[in-house]
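Below is one structure. I have some questions about it.
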Amino acid sequence: MVNLLSSPAETAPVVDTTRDQIVADIRATLGASVVDSLVKPGDDVWIRVTTESWNSSMQKLQAMGFDYFCFLSAIDWLPSPFGRGEDDPTEPAPERDSTIRPGYTGGETRMQMLVRLVNSRTHVGVNVKADVPNDGYTIDSISNVFAGANWHEREAHEMFGIGFVGHPDLRNMYLPADFEGFPMRKDFPLLARMVKPWPGIVDVEPLPGGDAEPEEVS
Amino acid sequence: MMSVLAIEVPYWGQSLLRVLGGLVAVLLPAGTIVYVFLFKMMSFMQSRLGPMEAGPYGSMQLFAEVGKWLQKEDIQPDNADKRIFRMAPIVVLMSTFLLVAVVPFGPDAWFTNFETGVFYALAVSSISVLGILMAGWSSANKYSLLGGLRAAGQLIAYELPMVLAVVGVVIQAGTMNLQQIVLAQNAGSIFGSDIVGNPYVLTQFVGFVVFMIAVQAELTQAPFDMPIAESELVSGYMTEYSGFRFLIFFIGEFATAGVFAMIASTLFLGGWGIPFSWFGWTDMDSVANWMNVAGPLIVFTKMMVLVFLIMWIRFSSPRFREDQLQRFAWKVLIPVSLANIMVTAVLKVAF
Amino acid sequence: MTILNDPVNAKLGDRAQLSYIASQAADARLNVELETEGMTLNIGPQHPATHGTLRIIARLDGEQVLWAEPSCGYMHRGYEKLTEVRSFPQVTSLINRIDWLGSFANEVPFILAAEKLMGVEAPPRAQWIRTILFELSRIANVSLFLGDLGVQLGAITPVFIAFRDREYVLNLIESATGGRFHPNFDRIGGLKDDLPAGWVDETKVVMKKLRNFCDEIEALLFGNEIFQSRTRGIGVIPRDVAMQYGLSGANLRASGVDWDLRRDQDSPMAWNKVDFKVWTHPDGDSFARCWVRLQETREATKIVDQLLDGIPAGPVMAKVPKIIKVPEGEAWVSTENPLGEMGYYVVSRGDSGPFRVKIRSASFNNISITPWLLRGVYVPDIITILASLYFILGDIDR
Amino acid sequence: MAQIPGMIKGLAVTFNTMMRTFKNGSNTVQYPHEKEAPPIRARGVIALHEDNCTSCMLCSRSCPDWCIYIEAHKELAPPRREGGKPRAVNKLDRFDIDYALCMYCGICVEVCPFDALFWSPEYEYSEPSIADLLHDKSKLGEWMETVPAAPELEAGAEKKKK
């Protein structure tokens, strides 16, 4: 197998006509709905559609032959303010970069939908993304297109707090009904990493009378 | 006055003997069945050894289990209909004791010798349904209720083929007295040969098969264990029972298996008898007195063979669905046993 | 009736389902006036049929299900969140707990995704051993399904036979990886270690035993008339419904879809080096699903046999830096796991740990069809259908 | 062609299994009386070779479950050669593994650069109380005796460099 992904210089000469063709077809069918697309030759296809056309794009993609619903999820592009929970609780919290940087095919919002559909004949899949508007985090439900999206949307609803317009039954799937907060959002702290300090913070106690003051280690 | 082994026994002594004999006849087979089949045979069929710690080869395991159950807390659900809840296991066990009363164990070793023994046996065997229904209803548990209802439907459906299967035997023997049926089998002959007597399993094979299937269903053993159905109804009507009450159900289950196997062996395998031609006996009076001792052992042996069959099928087949079971009873077993009755009747008249 | 609402606008699959319900309902509803108020039955969270803690809320009319809905979450461990605070090597020890019966198979797609992002490729020997262990975990997983199937349907012996023969496979996995259930053997760039001496010969012997096990189960269970009457025609999933719900693995193939990611997808794994048949069944009922799994177990033993003969010599680890940092990017890799398609959508930000991991587990999709599938069946059929859909609770809840 | 009913075949399977168990014994092991030897690589328990530990904290920091607790201090050790300066060495005060948290992934054993941690196939160390599963360095050191030598590798394997 050719090493495809290590650097852009290597990927450039490789051409994947099947996937290029797929993107061309999708662009032809969806028209202005497609905001951006990306083909990684021999790997995968990403397209981003507009928020408004989310549902209709799915219908068109299904009609195009992408009839296998693989999964639906969301991505919160906000970097976690807590890092990996390995900070020393006795120290002041370190400054972290909180600029939102989207992934492949770009995006303007913090939350993004991610759906993977597969063509059941050619077995080639596409990853479809759509922005979820920052005000209110709502987007159309696609459970009327793919019945299987029902549960996935429920999961995304409780985990990311995304509202799905037109979803028949947007109850919590995993969490108790009165749970507050959206656990998969990056600004939701992971309690398991908060309740006790990281054992790795501890360092070897220096020699008494060394350069550094021997400090109390909890 | 009755004489047992030529010893005159007063009436109270007879009653005491009968009570003790009844206990032994119910509990001994139950214990043996549990150990030999449930603990050991099942384990061996599954490539394991079963209980090995209590006693040599785990033979005391049942006592350990009984001890465990006796220690356990007796839980009664809050919403249960407590009186019925407590009564149910006893009703189930009672039917077993009533059933064993008609099984003959020897020429003189019997508890009662009803003229209509077959009729009585089939009648009292249905009492256990009442107990199960009571248990299912009073537990105040949806699983128990479903289990109880399933049990009721199933046991009623299988009562009929069982009765019809026995009718063939009754026609052939010309009597409903179990003692006489034993006599007819052991003193009889097939096509003039009395080498093995005339056990009805040969002439009434269809009846035997139907009877055993019905017994399997009556005992709620797999493939007819929907009322218990661990994977669906958890334990059906037994779900809420614990400790001693569960123990009674447990004993009842296997004691009833033993007693039904005894009845089946009486009806189809010649009961306590061995072919009379071997010793030149001709009728009940000429049977040697030692058969009163050997008879119970012979019944026991035949019972073990039949219980082996029941358990073997239990351990190797999945369970039916309730509607399939009803369909099987009404559409297969009952027509087959009716046809069996007709053929038996025709042949009876013809010969 | 709730089940029959809006039959006009029902889709094709719904119509098939409705006709199936109608045929079953005909027996139960001779007298409409006898109809009583229904009863709500909670199957689970602690119930023998839910192997784990799944709860099914069923509305019953007698023994017939009006509607039923699974309620999950009793075992949700938040793996997607946990991966965000772990480094890439640490994640593998976590994710092999998702489908705990075929744990090695869980590690593979994640490692492949990380390798894809890093542009690393494991040496051929590592790929072959990976594939062997992958198929072994499939056998370990599905053989337990075959035994458990018996228990669900009331036969007690198959599960012991399954445990007996699965033990051989687990011993193999343990002697190679050190872990019976959670191997954590896969590394970015290869494997932790090579196989111990004598392992190949031992595996060949075990594969023979497993084929014998398949024959035994087939005789004990699949040939049994009661088993057939319990499973045939129960829980029919038509092809288009299966596609919509994203069913995968044997559940999809039992609906007549000839799709196996081992064959139909470019993968660095060694599946394209061997010759195997993808079994499908046209019926889409419970029997078809179980039967396809049985055949797949057999096929897996043959794949292992073929792979064992051709393990290339060489290292099992590519050159990877000691401290793994995965370049920025997104990658999706899925493999044909014992339960179906399992995939990871990995987003990396150039850190030592992933930024976001979406775990696409097979059981979640497979079980999401149950509200649709359970309408109108009988209580025992719930168990049959759940057993034949074959879910692992950790795989639903993640 | 008359087929044997499936049920009869099933009965044959159970009967054959029963006879095989009679003849060849069971597949199970009577555990407390006889014990199966786990494979050499089995990840039973983590043993600590204290002399090799330099308190570098790598294991503690790479543990996904945060279940390794190390405390150490620097100490002056006598110089290696005559007349040299005394060296500062890390002296281990505490090395605890909380087996109630440990998920036996083996990452600590792998990252250890000085071969101080080993897997032992020992498995009988259950405790009635979950708090008792926190084992200290003397207990971890005892398990060193049960650590087997690494197994031979299958044909075609590349020899390890170290």
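For clarity, chains are labelled A, B, C and D in written order, and residue numbers in each chain start from 1.
Here is the rule we go by: a residue touches a chain if its C-beta (ideal position, glycine included) is under 8 Å from a C-beta of that chain, and two chains touch if they have at least 3 such contacts.
All of these numbers come straight from a predicted model, not from anything done at the bench.
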* Asked: Quick check: more C-beta contact pairs in C-D or A-D?
  -> C-D
* Quick one: subunit C and subunit D, Cα centre-to-centre, how many Å? -> 29
* Would you mind pulling out the distance in Å between where the CA atoms of subunit A average out and where those of subunit B do? => 65
* **Centroid distance [mean C-alpha coordinates] between subunit D and subunit A, Å** => 37
* Distance from subunit C to subunit A - Cα centre to Cα centre, in angstrom -> 24
* Can you list the residues of subunit B that touch 2 or more other chains? -> 45-48, 315-317
* **Overlap residues in subunit D, where contacts from two or more other chains coincide** => 7, 10, 13-14, 17, 27
* Which residue numbers or ranges of subunit C touch two or more of the other chains? -> 86, 157, 161, 164, 220-221, 224, 226-227
* Chain pairs that touch, all of them, please. => A-C, A-D, B-C, B-D, C-D
* Asked: What part of subunit C is in contact with subunit D in the complex they form?
  -> 86-87, 89-90, 92-94, 97, 125, 157, 161, 164, 167, 171, 174-179, 182, 184, 192-200, 216, 219-228, 311-316
* Quick one: in the complex, what on subunit C touches subunit A? -> 72-73, 76, 78, 80-82, 84-86, 116-119, 121, 240-241, 243-247, 257, 259, 261, 264-266, 268, 327, 329-332, 334, 341, 343, 345, 347, 349, 353, 355-356, 358, 360, 364-365, 368-369, 372, 397
* Asked: subunit B touches which residues of subunit C in the complex?
  -> 27-28, 39, 41, 47-49, 63, 150-157, 160-161, 164, 220-221, 224, 226-227, 229-230, 378-383
* Structure fact -> Note: in the complex, subunit A contacts subunit D through residues 196, 198-200, 202-207, 210, 217
* Tell me, which parts of subunit D touch subunit B in their complex? -> 7, 10-11, 13-15, 17-18, 20-22, 26-28, 30
